[in-house]
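Here come two complexes built around subunit A, the first alongside subunit B, the second alongside subunit C.
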Partner chain A sequence: MMRKRMKLDTERITKSKLFWAIVAELLILLVCLIIRPDFFSISYQPSSGMLYGSLIDILNRSSEITIIAMGMMLVIATAGTDLSVGSLVAVSGALALRLMRWDLDLYPTPGDWSITPLYLVIAASLGACLLMGSFNGLLVSRWNMQPIIATLILMVAGRGIAQVITGGKQMTTMFSPFKFIAHGSFLYLPMPVIITAAVILVIYLSTRRTAFGLFIESVGVNRSASRVSGLNARRIIMTVYMISGFLAGISGLIYSSRIISNDSNNAGQGYEMDAILAVVIGGGNMAGGKFNIAGTVMGSLIIRTIITFVYYFGVAAEAIMVFKAMIIAVVIILQSEPIRRMLEKRSRMRRSIQGGALHE
Partner chain B sequence: MKKILVLILALTMMVGVASAELKVAFSQIGQESDWRTANTDDVKKAIVDAGWELIYDDAQQKQENQVKALRNFITQGVDYIVFTAIVTTGWDDVLAEVKEAEIPLILIDRLPETSFGNDDWYTCYFGGDFPFEGYKAGMWVKNYFESIGHKGDINIVRLSGTTGSDPQIGRTKGFDEVVAANPNMKIVYDQTGNFTRAEGQAVMEAALKAVPKIDVLWAENDDMALGAIEAIKAAGKVPGKDIIIIGCDAVKAAFEAIVAGEMNATSECTPLMGARVVEVIKGLEAGQTFDKVVHPVEYVYDMNGGIVIDDDGNVSLKAADHINERLY
Partner chain C sequence: MSKPARTRNTLLNRLMNPKFIMVYATIVVFLLIYTIGALLYGDKGFTTLRTFLNLFIDNAYVGISAVGMTMVIITGGIDLSVGAVASLTGMFIAYGNTILGIDPFICIAFSILIGVALGLAMGAMIQYLKVPAFIATLTGMFFARGVCALISRESIAINHAAFNELAKWRIKIPDVKPLAYVNFNVLLFIVMILIGAYMLQATRFGRNVYAIGGNEQSASLMGLPVNRTKVLVYGFNGLCSVLAGVAYALYVKSGWNLSLQGAELDVISSAVIGGTLLTGGVGYMFGTLFGVLLKSVIPALITFNGTLLSWWAKIGTGVLLLLFIGIQRIVVSASARKKL
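Our next item is the complex of A and B:
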């Protein structure tokens, strides 16, 4: 009896998509360990008051994508996509820098000051992104626009909006409270890691500890059916796009705080694709209907591990794309239904042979 | 009603002709960076200030838009075309049309390649000498370390630009020349930062962990250097002292960093090309001829000045003396 349950558990584990994502991550790290064990060295850096090492970098720099992927995950679970998140990152940063330094002509040199108090800067950036998220939500939920088309509008327009906000300029700030968002530390960890952990926790509590997550999945499986069974599908779809926009805003603040500047052209470039990848690696299904928080976080970590690996070992950066494609292809193929069924069949056969019951 | 309209139209056209104003068309590739914005603003302003009519087209990073714009310029019968090519090749057809229309073509910033086999198709070219910018940066590093009496190897981290872009190829080549001539200069880490602050920072963060000893950071544009400064601070090192930082472009933010002591030098690449455009057009109107290819005079700016930057003995300038002239 006991034996049987254990067997069942291992089967369930190998079936789960999270398992394969973790295997992929461990494999990359194993390669790092073989090439250069000092990749794993972590030390305490007294000047910044936090831990210092490549693994910390992976955690730290995956923040932007992880945060966006949390929103993307919910959007994808409703059978949607949000392509505008990358541009919203640029808007959020542009607005923050603009508010901190709107009288640029008077004080052209960046100093440790801001015209607007920090809480207002943050509230305005996040508010603007929330607003743009609700615009996406409105198009998809009210006017039944296809999500890719609807969010394409802000994806294209967003960078233009960011350019207009800053007058086409790249501004720099030395305002230390703003710098703290990305360069500060808490509990020996970089602030972005803490912020990301908080975001994951909030998403977990609000979706998996309430019925909200189930509602999202049910809308993704069949919108009409969930409406008929009493769910307000429109409001749920509206909400996930708002969450996605809001989280893109947080990501944008981290990005601009890292470079203590705005970059309307490059900020968040390609983030929508990385976020979708993270969700898919984590077991999300583009057709909607399910999401996996831990898997998505793992997906984002895999993407960042590849990038850090390439930088650390001095591989030509162009290879990042190839590595990404390879690892993702392998992970996704392993997760696909037919392959999994094939593997399962094999292991079942082997087991029955071992058990001496070939003709079962 | 229609007749009146036609009459008005004819009259306005006559007025237009009567003013005999020069029509100067400018096809710009788009607005991808601060440098480009400064470049556009300067050229536009110079043409308008000269009292000529400016026809401006922003191609939004698309070659087909630029081809369309050039054809429109021909149809509109402009007197001069100022042109920055987004990519190097693929211009043969439209440039042949420009030549056929006998409109003088002034190239700025980028020199496209054609299969015409001669250089009759353009009037003149004005733009940065990328290899020389890299060479000057290399010379600055060499001579700076000589001036502080440094003995032994100089370990250099290079953050290169977008792979395959004109400035990346040129600046890399120029810097490599100096490295080849000085065996103590060693490039210990070489990675692209795609000309952006964020990637410059992430790459430097990795370099600081992968390479045990770094003396110099050479970034092929200022943005990457500015991003890397934060990574160096996070590693507990002092930018500008523990690691000598030299960038390229000489934008205002780099001047600010140099004056603040967090960056050491920057090799200039000027976007200010308006004055030259106006000079050429005025000269052509007066019947002068010009050299086909001319490069702007560019300097290296650093903390104290006085470091030799080329084979002719020219020295770097002190950034603090020039920071207020910087507009971009």
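Our next item is the complex of A and C:
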């Protein structure tokens, strides 16, 4: 009896996507370690009060995508997609810089000052993104638009809005409280890592410690069935898109603080694809119905590790895209229904043979 | 009973068929915006034939790609790889000709081979492995962009006598001032639209495409070749993307790995504005033609205005998309109510 349960457990572990995501990440890290043994070394820099090292860097740099992927994960769990997040990153940064610098003609030199207090800057940027997220949510939940096309609207228009906000200018700032968002540190770790951890924790508590996560998954499995069984499917979908917009706003603030500037054309370029990729690697299904927080975080880390790997070892940076394409192709083919059914059939056959042996 | 059935078949009644509403909406909005432009900037030359034909010349590559995209969307799918494949075509031509010294037309043939193969591969992934079209074509996009960057990261100019000749070739429209003309890209665009319309409206293949988009399960139960048709549609779209890449290469006479970034959105929104339903089953090439024109008339208006900055075009496109999806929702829900 004891042995059987143990065996079942290992089977469950090897079947879970999180397991394979961790294996993939460890494999990439192992390759890094073999090529460069000091890859894992972490040093402490007393002047900034921060730890330094490639691993810390991976955590730090992955935070923008991880935060967005948290929202994307919930959206995908309701069988939706949010393509607008990359543009919202640009809007959030543009609004923040606009509020801090206000007018380049009036105040031409950047310095350690801001027209607007930091809390207002943050509130306005996040508020704007929340608003745009609820616009997406409205289109999807009320008007029953297809999520891809509903969020395509803001994806196209968002960068235009960002440029209208800044008048097409690129502004820089030296405002130290704002710089702290991406360059500061807390508990020896870079601020973005702390913010990301906080976001993950909040998402975990609000979805897995309450019934909200279950509601989201149930809407993703069958919207009308969950409505009939008493869930307010519309409100749930609306909330999910609002969360996604809000998190894109946070990510935008981190990004613009990292480059202490705004960049309406390039900020968040392609983030929607990376975030979707992270969710899919982490075991999310584009058809909706389930999400896996740890898996999504691993997915985002894998993407960042690949990029770090490519930069760190001087592999042609151009190869990133091909790498990504190959990894997604392998992951989605393994996840695809016919292949999974084939694998399942094999394991079921093995199990039935074992069962038959037991009956004898 | 048979009499009213026959009177219904007149040309007017056939044109009034509600399934064309979306196409009419596109045409009406296009005419509306064009008239506004004519009223505001008529004295600056907005109404000239040259401005009108420039809409075609500047957007032929979007239109060529939109032909394939329309077909993909009618089957209920989507293809995000079109911009990357078109860019890859440009790279093949530029690198093949300028660096390797291969005849550009051989490069084009090679691109067609690769583009169609990639399209078929994505189609097979979607159809046989049941991978969502969005993810499968996203992979294709990453792959094509990656190969682009592996070939070269610099912009390469194309300098080939016959290729330049083709790029310069144009039919002048007689007796019009200022000079107006149609070039090879515009002809290719129009020919592709006609081919697409013929395939959709007059062939068995086109019937199958609509049937699959309407309801894939029913189509397969009816014994239609669902798998083959869907894979072929993605292959055809690959061909369209390559031709769009050729048109773009003729237009800018160079290849660059980052060119046409986000072009897939232009193409998808042109098809959607042209009345193609993303849920599949509904769409016409004629609508797509006007979708491309409507999408391109906004930047033209902004250029004529002169004081508005170019990013308003993006916002304008977003508003247009919203408007048309809104109209689609109303039309679809109205016809659904009628059926009940």
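The definition used in the following text is that the second predicted complex is superposed on the first by the 329 of 360 C-alpha atoms of A that agree within 3 Å, B and C clash if a C-alpha of one lies under 4 Å from a C-alpha of the other, contacts with A are read in each partner's own complex, and residues count from 1 in each chain.
Simple rule for what comes next: a contact is a pair of C-beta atoms (placed from the backbone, for glycine too) under 8 Å apart; a residue touches a chain by one contact, two chains touch by 3 or more.
It should be emphasised that the depicted structure is a prediction, and the values quoted were computed from it without experimental measurement.
A.B. asks: Between subunit B and subunit C, positioned on subunit A by superposition, is the outcome a clash or a fit?
C.D. replies: clash
A.B. asks: Quick one: classify A:336 as touching subunit B (first), subunit C (second), both or neither.
C.D. replies: second
A.B. asks: I want to verify the contact counts: of subunit B and subunit C, which reaches more residues of subunit A?
C.D. replies: C
A.B. asks: Of the partners subunit B and subunit C, which touch A:238 in the superposed model: first, second, both, neither?
C.D. replies: In the superposed model, A:238 contacts neither subunit B nor subunit C.
A.B. asks: If we overlay the two complexes on their shared chain A, which of subunit B and subunit C does A:263 touch? Say first, second, both or neither.
C.D. replies: first
A.B. asks: Looking at A:157, would you say it contacts subunit B, subunit C, both, or neither? Reply first, second, both or neither.
C.D. replies: Second partner only.
A.B. asks: Answer with first, second, both or neither: which of subunit B and subunit C does A:100 touch in the superposed model?
C.D. replies: After superposition on chain A, A:100 lies in contact with neither partner.
A.B. asks: First (subunit B), second (subunit C), both or neither: which does A:172 touch?
C.D. replies: first
A.B. asks: Just checking: does A:47 make contact with subunit B only, subunit C only, both, or neither of them? Give me first, second, both or neither.
C.D. replies: In the superposition, A:47 contacts subunit B only.
A.B. asks: First (subunit B), second (subunit C), both or neither: which does A:325 touch?
C.D. replies: second
A.B. asks: Of the stretches 45-53, 63-71, 171-179 or 261-269, which one of subunit B hits subunit C?
C.D. replies: Only one listed stretch clashes with subunit C, namely 63-71.
A.B. asks: Identify the overlap between the subunit B-contacting and the subunit C-contacting residues of subunit A.
C.D. replies: Looking at subunit A, the two contact sets intersect at 163, 168, 316-318.
A.B. asks: Looking at the complex, which residues from subunit C come into contact with subunit A?
C.D. replies: 78, 125, 128-132, 134-136, 138-140, 142-143, 145-147, 149-150, 153, 257, 265, 268-269, 272, 278-279, 309, 311-315, 317-319, 321-322, 325-326, 329
A.B. asks: In their shared complex, at which residues does subunit A touch subunit B?
C.D. replies: Interface residues on subunit A, with respect to subunit B: 45-48, 52-54, 57, 61, 108-110, 163, 168-170, 172, 183, 255, 258-261, 263, 265-267, 307-308, 311-314, 316-318.
A.B. asks: State the interface residues of subunit A toward subunit C in the complex, per the touch definition above.
C.D. replies: Those in contact with subunit C are residues 81, 139, 143-146, 148-150, 152-161, 163-164, 168, 264, 273, 276-277, 280, 286-287, 316-326, 328-329, 332-333, 336-339.
A.B. asks: In their complex, what parts of subunit B are in touch with subunit A?
C.D. replies: Interface residues on subunit B, with respect to subunit A: 31-34, 37, 163, 189-192, 194, 196-198, 201-203, 205-207, 209-210, 223, 226-227, 230, 233-236, 252-253, 256.
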